[in-house]
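Paired with chain B in one complex and with chain C in the other, chain A is shared by the two complexes that follow.
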Partner chain A sequence: MKLPLIAKAFALELGFYLLLKLGMPLITSPLPSSVIFMYMTLVTISILLYVSIFEDDFGNFYIPIVDFIRGDDNESGLRKLSRIAVFILIPLFFGFRSYQSVLPNFNPPFPQRVIHPAPPGSAAGFTNPFGDDEANHEQYIEEGREVFYKNCVFCHGDKLDGKGFFAHALNVKPANFADATTISMLMESFVFWRIKTGGIGLPEESTPWDSAMPRWELILSEEERWKVIMFLYDYTGWKPRTWELEGDE
Partner chain B sequence: MTFKKAIKQPMVWSSLIFMMLLLIPSGTLFAQTYESVYRDIEGIGSRNLIWVLSQVHILFGAFVLGVPMFIISIEVVGIMTGEKRYDRLAQEFMDLIVACFATTAMVGIFFLFALLVFYPTLMTAMADIFKPTYYLYLFLFLYETLSVYVYWDRWDKWQDRKGLHLFWGLMLNVAGMLLVILPSGFLSFQASPVVLNPGLGMWEKAWTALNNPTWLPVIIHRVVGNLILGGFVCGAYAGVAYLGAKTQEEREHYDWMGYVGNFIGVFGLLPMPFAGYFLMREVYEYNQQMGITLMGGILSWLFILQAVLIGVLFVGANYYFWQGIAYRTHSAPKYKNAIIIMLVALVGSFSVWLTPHSLVASVSEARAMGGAHHPLLGVFGVMSAKLTVVNLMILTTFVCFILYWRADKVITVKWRKAANIYTVLVMVASVVIIIWLGVYGYFVPSVYRVNVLSVAQVLAVLFVLFTITPLTALSLRSAKLTHEMKWGVMPARSQYALIINAVFVVLTMALMGYARSASRVHWHIYGVLEDTSAYAYTPTLGLASFLFVLSTAIFCVMVGIVFWTSLTIRHNRFSTRYFFLAPVFMWFTDLFGDKSEEERKIPKEGGKYVLLKVTAVVGTFLLAYTYVGYQVPQKIGLPPEKNELDLTKIKGTDDMVQIGQDIFYSKGQCALCHSIGAGAGRCPNLLGVGGRLTREFIYETLTKPDAYVKLDFDPVKPVMYSAEMPIINKAPIGLTEEELLTIIAFVQSNGGKVTVTLDELKAASKKGMDVVPEEPVMAPEVTPAEHNEDNMEPVGDLAMSIDTQSF
Partner chain C sequence: MIIRAGNQGLGNLKVMSKLFIKNDIQSLFLLVFLFTILGGQPYLFADEEHEEVKTTAQPDSETLPNDDLAAGEMIYKKRCISCHGDEGDGDGPAADRFQPKPRSFKKAEFKYRTTPRNSLPTDDDLFRVISNGLPGTGMPDWADVLTKKQRRQVIKYIKTFSDKWEKQADRASALKIGEPVPTSEESIERGKKKFTALGCTLCHGAEGRGDGPTSLVLRNHRGDSVYPRNLNKNWLFRGGGEAKDIYTRINTGINGTPMPSFADKLNNEESWDVANYVRSLSPTPNPERGSLIKPLSIEEGIPTDPEDPLWDQAPSSWFPMMGQISFEERLFTPTVTDITVKSLYNDKEIGFKLIWDDRSSSKASKPSAKKKIYTDQVAIQFPEKLQPGGVKKPYFIMGDEKLGVNLWNWQSDGNQVFETTANGILNGEVKKSESNVKGSGRFKNGQYQVVMKRSLQTSDKEKDIQFEIGSFYPIAFFAMDGTNGEVASKRSITPWYFVLMEPETPKSVYILPPVVIIFVFGVEFVLVKLLKKNKKASSSS
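Showing the complex of A and B:
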């Protein structure tokens, strides 16, 4: 049996929704509703675009809808009833949504975040004073390791994967340095500045940024912060972002 | 055209007004330091007014300068193929240009007036620098006006003298190109100024300022942008005309015109990401901070809004192509599957393009996800993925175009099989390569990805574009046409796609124009002339979006009126020469006059309520966009607090270094040229310089930069831009003695030990006298040529012991 186009479109929508909503958690973490909404919008738009390209598809898709809304004299009672039901349900649905949105709500609001907090101009000027000292490289990393396990490990975890003891109590989880998309995308000077300000010491223009990270400039010395950065990159194997290719000077 | 007639042209007298206006600031006000003066306009805000005026002016300018580029190309095609329809199309595009020309100048004058009234200081500073180029600009303005009218007016009369006519078309384009190049220099200087040493000659100064790091990329970006805007706006015009067409003949004509407009727009769209990439690279090279502000900070959400616009544009342009295949060709059903694949590829790429790195999630969702980054989708959020999918989107669009091109044709050349195999192989290979490079990009350092992998991806796309296009053209030359294209049968929705594309191009331009200005944050001229007005802050993206939409709406309405009055009302007395309000007024008064029926006749539109529907659709999209603009975080960026050197607040060395650092990045303008560690600046990299130079030497380089010039001072050679180290304690920078000391403290802290003490600072401020020797410490003031090898020791070895020098 050949399915009518509308049914196909509907099945596609439903299939995608189920895949995103129920299928995703099977293989990885569940998706937030904002992302599902975005993808479903794209799916809907694609379907509408597709059915409006060819005249025959457009007719097959559009005419049943128009017919359903318009109705005709010798239609069945069921059809008539379902039309009335749809016209009652649509405003009810929006009414319900409005009702939901004005209802007192005890959930915290969605945290808004920038992509990266923007550092002030002066933050770009830092370079690792130990970067060139090849002879004592290992020693600095050892010292950095000590700093890490005395200060950072509680949140960022002993594997640097953001799963420390405190992590489960924090909203907006601590950064996962083992991930390919965190410190490997950042310049050393930026990482240095982020550790310096933490989440609390960020200047106003660098927000909104939800983070409970302490302001390490009050706790660690500059040297300690550089050493811990060296440890982060050494342990994870990432390289900080730079602007010149090595040997390109 | 007689002189008497010419002087009545709005363009000519507006040029004259423009000329006089430009002469005012440059002629009367000259000052080295600027006391900033601002005026405001109640209720609207001077910045908002300037914003909208400049945006509308620049949109008109883009249209007027962009369209002639393809008018002349279409005319040449017409001459080469001998088909009259090309010539007529080019002429019709030229009608649109002439219709908009006076309005462009008019808005420009409004803009200039507003600038003079609200930002006189900025105008004075700019005139100071660019004075001689203003004369050039005025000349270009008249030259452009002349060529526009000659080219347009003589179209019919010089039909048998095409060479002469094309010459004027070329003149018009040369003028247009120069009119893009010159003002781009003004605004790129504002964003990326170079140091202008005193003593530069008038022209030398102007040239040095023009020749700033982002001048070239801005020019390229704008020229391509103008082409896109021109193409899509012409397409939208054709779309509206198609919807309102009364006869099949008109529909066929406008259908074809819309197709040409869309084609030109897409043609420009393909290289645009590369042009944008070039510009961003130069911005980062010039000033890393500016790049971070744009891409990583408060403005980064702007780029998400932009991503939405770009994606819609790609989808819209392809949608129009697909409908072209479905309606104009006879082999439509054959392409159904191909279109599904293209749609999936495009929307799939689009969804990756839109997926942010930090997802918007409620607390419980974020917990379930294990952080703000999704373990699977997180990889879509970074540049490697974005660049990959944008390349795929370009490729898909190209495939779509090739399919459209080949539809209804039977290729007869002998090597058709080889050509087909090659085409498919290259396409598939490039897709595989692009995706592979994208994935590989996650496993290499960013710098390698940016400099090697991304470039390779772009090259793969360009290779496809540049080999398959000529190959297809060659194989189609002798192809048998199975059916002629059917023009004029497109459904209304395809025309709305054309219109929406134009609206989104205009919106994108408004957005990117803002991004460029906003990257200057609280500076009129970055690092040189600070914006101290009440509007120095960066507004919320909601307000910004509202202003983009307002500018777009004003532009659309004005263009609509211009086109309507000059082309639809084919009234004897109405001509495109008049400023657009005049025909409206005349049309209105004529309605009540006793003119003959003939003269009053206005052609009825074909479709019903076309303008109303178009306005409604455009309005809906603009409202939706404003809504989206308000959905992202609404933050304003305040200018940093002023750090007046307040000795009572300085407690120790750290404070001193901190203040020195602030001055280094602000008033001292040091960071305009020098970098510390990051990036190859235009001048010596100051990394670790505190360990290599003595304090006395640092002081000398600041106050007498030419006293002792070391050959081959460190890795980078300052050759790219002519800029000499300015004397820091003299105008225009003019740091005070205590400010100099803090700078020295900061420089010393970078790799060395700070020897400047608090007491010295206090003494310097009390006495206002030098605490360091007057005489050059290292060398007498000699030119580098007079140095011999002996005093040219590496800086590190100078060790700065004054007594070892024997002069």
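Showing the complex of A and C:
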């Protein structure tokens, strides 16, 4: 049996919704609802465009609906009942939406945080003084490990996943170095700048007042800061982003 | 009414649109209708909780040797060595910054076992600890980065640090848990009696907050001080917070610490009674982190007595706390793990009641004392001023050079309230000469209850936040346990949260929705009428 066009359209619509809502989280992180809304609008428009261009089908598409809305004198009881239900539910739905929109909004002002802002000019041009010293590489990483476990582990966690012992108390969560969105996509000099000046050194679009990330230039020496960076990359297996790599892409 | 398809080229577009307009206003309705329903649905199902960053800790993928012991050694050296040390003696670089310190595998004193006190754990016990971690300590859970096999391999390796494992080859077997006694008022009542009779209160305190008379002098086998657990927070129990776990603990004790085993003093039923009682001390479900404090509006004056029953009506918000480790001097081992906040307001004043646990109420020691003890303290932090737009704030740890904060402080020594301002923790606090904040505190059975209140508006518009109904005010909290050496920058902290005195719901909320409903219904009515007319017309023609 051939499915009625309207059922197909509905199935398509639902299929896309489920794909975005449930399927995407399996591949990447869950999509924000505003993005889903955007995609669904596109899907809806495309479906309507498709059926309206193939005129023949367009009739098949809306006639069942029109029939349903209009009703018939000798229609079955069930059909009548569902029609009444739909007629009652739609106004209620709009009523509810308008209630939601006029209800005073008690969501505190949480600004969107820019996680990786453009660093100030003073942040450029840091280079790792130990970078080329292959002979002592292991030694530096060992020393960096010590710095990490004495200073960073409480927030960034033993597994460098941002789930340290104290992390649950914070609003802006510590960075997860194991994830592909932090140090793996940053240049060493950027990471160095972040560690040097900490949360308080961020520009305003990154809400510096909410970040617990310490300003390590007050506590650690420059050498310790470079060593801990070497440890972060060694432990997670990431490589810092470099100019050469960018050129390749 | 079916529109016949001609060729589908653009030439037909004109005809098409004509037909479309002439016959089928319905389809227009239809489009709009479909669009709103389908397009609007994500809003209906939108999840409001903010989307957490996905954490993908990478499992160990590097090729490990086939030999279990060699593999275990490699895992240990990558994952465990920084805390448990090269030699397994619990003296890694970070050891001093954890309380309790990482376990020494050399001494082989394992705490969370199913085996009798003073015996070695089973492999399954170790497996459980390594997989789940020990809540409230530095010991993390490893289930997401180490496979089951890898966890078994590392267990094999940590056993090489002590010869006890060989010597006690015929080790004790796991505890058998008898027929459960489901929790009930009677069981809890019996358990409570036993709790006192067995002397649990000597260490754990009358209400179980870990504040018994011996609580500050207990030491573990290394000579470090060890606090009896606060039994009112079962989410911080290392060996699990449910009655079954508590049953196991009291029948096996905690090796290397004063926590005894009661196996020879309790039968199965009594063990369950005590376990049910201990479980009942913690809230079910466990508290969740608040974000917005909504004070309750009252007619009466705000009581300064924290035990006034009016406070019971105010809703509670719960906030976890962490040690201040962003500026020297840092506090790595805080004792205050969380704080509960209630708030009331009337047309003149706003008041806050703060509740937190502390093992002792301390007075500042004399300057000559050998071990320094400070007064216990708590503080509520506000920005000195709201910034335009309400987004920008002073730095959450006591402000910064540009934007200052105002602190309402209470200290146990002398039950005093005082106000300070600060522009960065390193610049210290400045006591305000004139303070409008009033309050008082009580200490009972290991818990502080403190009230502080102030008039909504004050004359010092520069340094005091001015409260108005309907605005969001950033708010943060600090706590200091003087017995734990906490003073000045060594304090437990929270990030910024918000407080909002809710305005009354505007009338329009009750007017607009009915209007919309009636309107939409009207549209439906017209639509049906139109369609019916249309049909009649087409069938008669």
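Criterion: the second predicted complex is superposed on the first by the 126 of 249 C-alpha atoms of A that agree within 3 Å, B and C clash if a C-alpha of one lies under 4 Å from a C-alpha of the other, contacts with A are read in each partner's own complex, and residues count from 1 in each chain.
Convention: a contact is a pair of C-beta atoms (placed from the backbone, for glycine too) under 8 Å apart; a residue touches a chain by one contact, two chains touch by 3 or more.
All figures in this text were calculated on a predicted structure; none of them were measured in a lab.
Engineer: Could you look at A:Arg241 and tell me whether it touches chain B, chain C, both or neither (first, second, both, neither)?
Structural biologist: A:Arg241: touches chain B, not chain C.
Engineer: Quick check on the superposed pair: does A:Leu92 touch chain B, chain C, both, or neither? Answer first, second, both or neither.
Structural biologist: Touch partner of A:Leu92: chain C, not chain B.
Engineer: Considering only the touch criterion stated at the top, classify A:Pro108 as touching first (chain B), second (chain C), both, or neither.
Structural biologist: both
Engineer: I'd like to know which partner A:Pro129 touches here: chain B for first, chain C for second, both or neither.
Structural biologist: First partner only.
Engineer: So which one touches more of the residues on chain A, chain B or chain C?
Structural biologist: Looking at chain A, the partner in contact with more of its residues is C.
Engineer: Between chain B and chain C, whom does A:Leu12 touch in the aligned arrangement: first, second, both, or neither?
Structural biologist: In the superposed model, A:Leu12 contacts neither chain B nor chain C.
Engineer: Could you tell me if A:Pro214 is touching chain B, chain C, both of them or neither one (first, second, both, neither)?
Structural biologist: A:Pro214 contacts chain C only, not chain B.
Engineer: Would you sort A:Leu49 into first (chain B), second (chain C), both or neither based on which partner it touches?
Structural biologist: It touches chain B, and chain C stays clear.
Engineer: Using the superposition on A, tell me which residues of chain A are in contact with chain B and, in the other complex, with chain C.
Structural biologist: Common to the two interfaces on chain A: residues 29-30, 32-33, 53-55, 58, 108, 110-111, 162, 171-173, 176, 179-181, 204, 207-208.
Engineer: Can you list the chain A residues touching chain B in their complex?
Structural biologist: Spelled out, the residues of chain A in touch with chain B are 24, 27-35, 38-39, 42-43, 45-46, 49-50, 52-55, 58, 107-108, 110-127, 129, 162, 171-176, 179-182, 184-185, 187, 189-190, 204-208, 239-245, 249.
Engineer: What residues of chain C sit close enough to touch chain A in their complex?
Structural biologist: My answer: residues 1-5, 8, 12, 16, 24, 26-27, 30-31, 33-35, 37-43, 45-47, 50-58, 78-79, 82-83, 92-94, 97, 137-138, 140, 142, 144-145, 289, 291-292, 294, 319-323, 325-328, 332, 389-397, 400, 403, 426, 472, 493-498, 500, 502-503, 505-506, 508-509, 512-514, 516-518, 520-521, 524, 527-528, 531-532, 535.
Engineer: Can you check the complex and tell me which residues of chain B touch chain A?
Structural biologist: Touch residues, chain B against chain A: 284, 288-289, 292-293, 295-298, 300-301, 315, 319, 322-323, 326-327, 332-333, 336, 339-340, 343-344, 347, 350-351, 354-379, 381-383, 442-443, 445-448, 451-452, 491, 493, 538, 632-633, 635, 637-638, 640, 661-662, 664-666, 671, 675-680, 687-688, 715, 750-751.
Engineer: What part of chain A is in contact with chain C in the complex they form?
Structural biologist: 13, 17, 21, 29-30, 32-33, 36-37, 40-41, 44, 48, 53-56, 58-60, 62-63, 65-66, 69-71, 87, 90-99, 102-104, 106, 108-111, 145-146, 148-151, 153-155, 157-163, 165-166, 168-173, 176, 178-181, 198-200, 204, 207-210, 212-215, 218-219, 235-237
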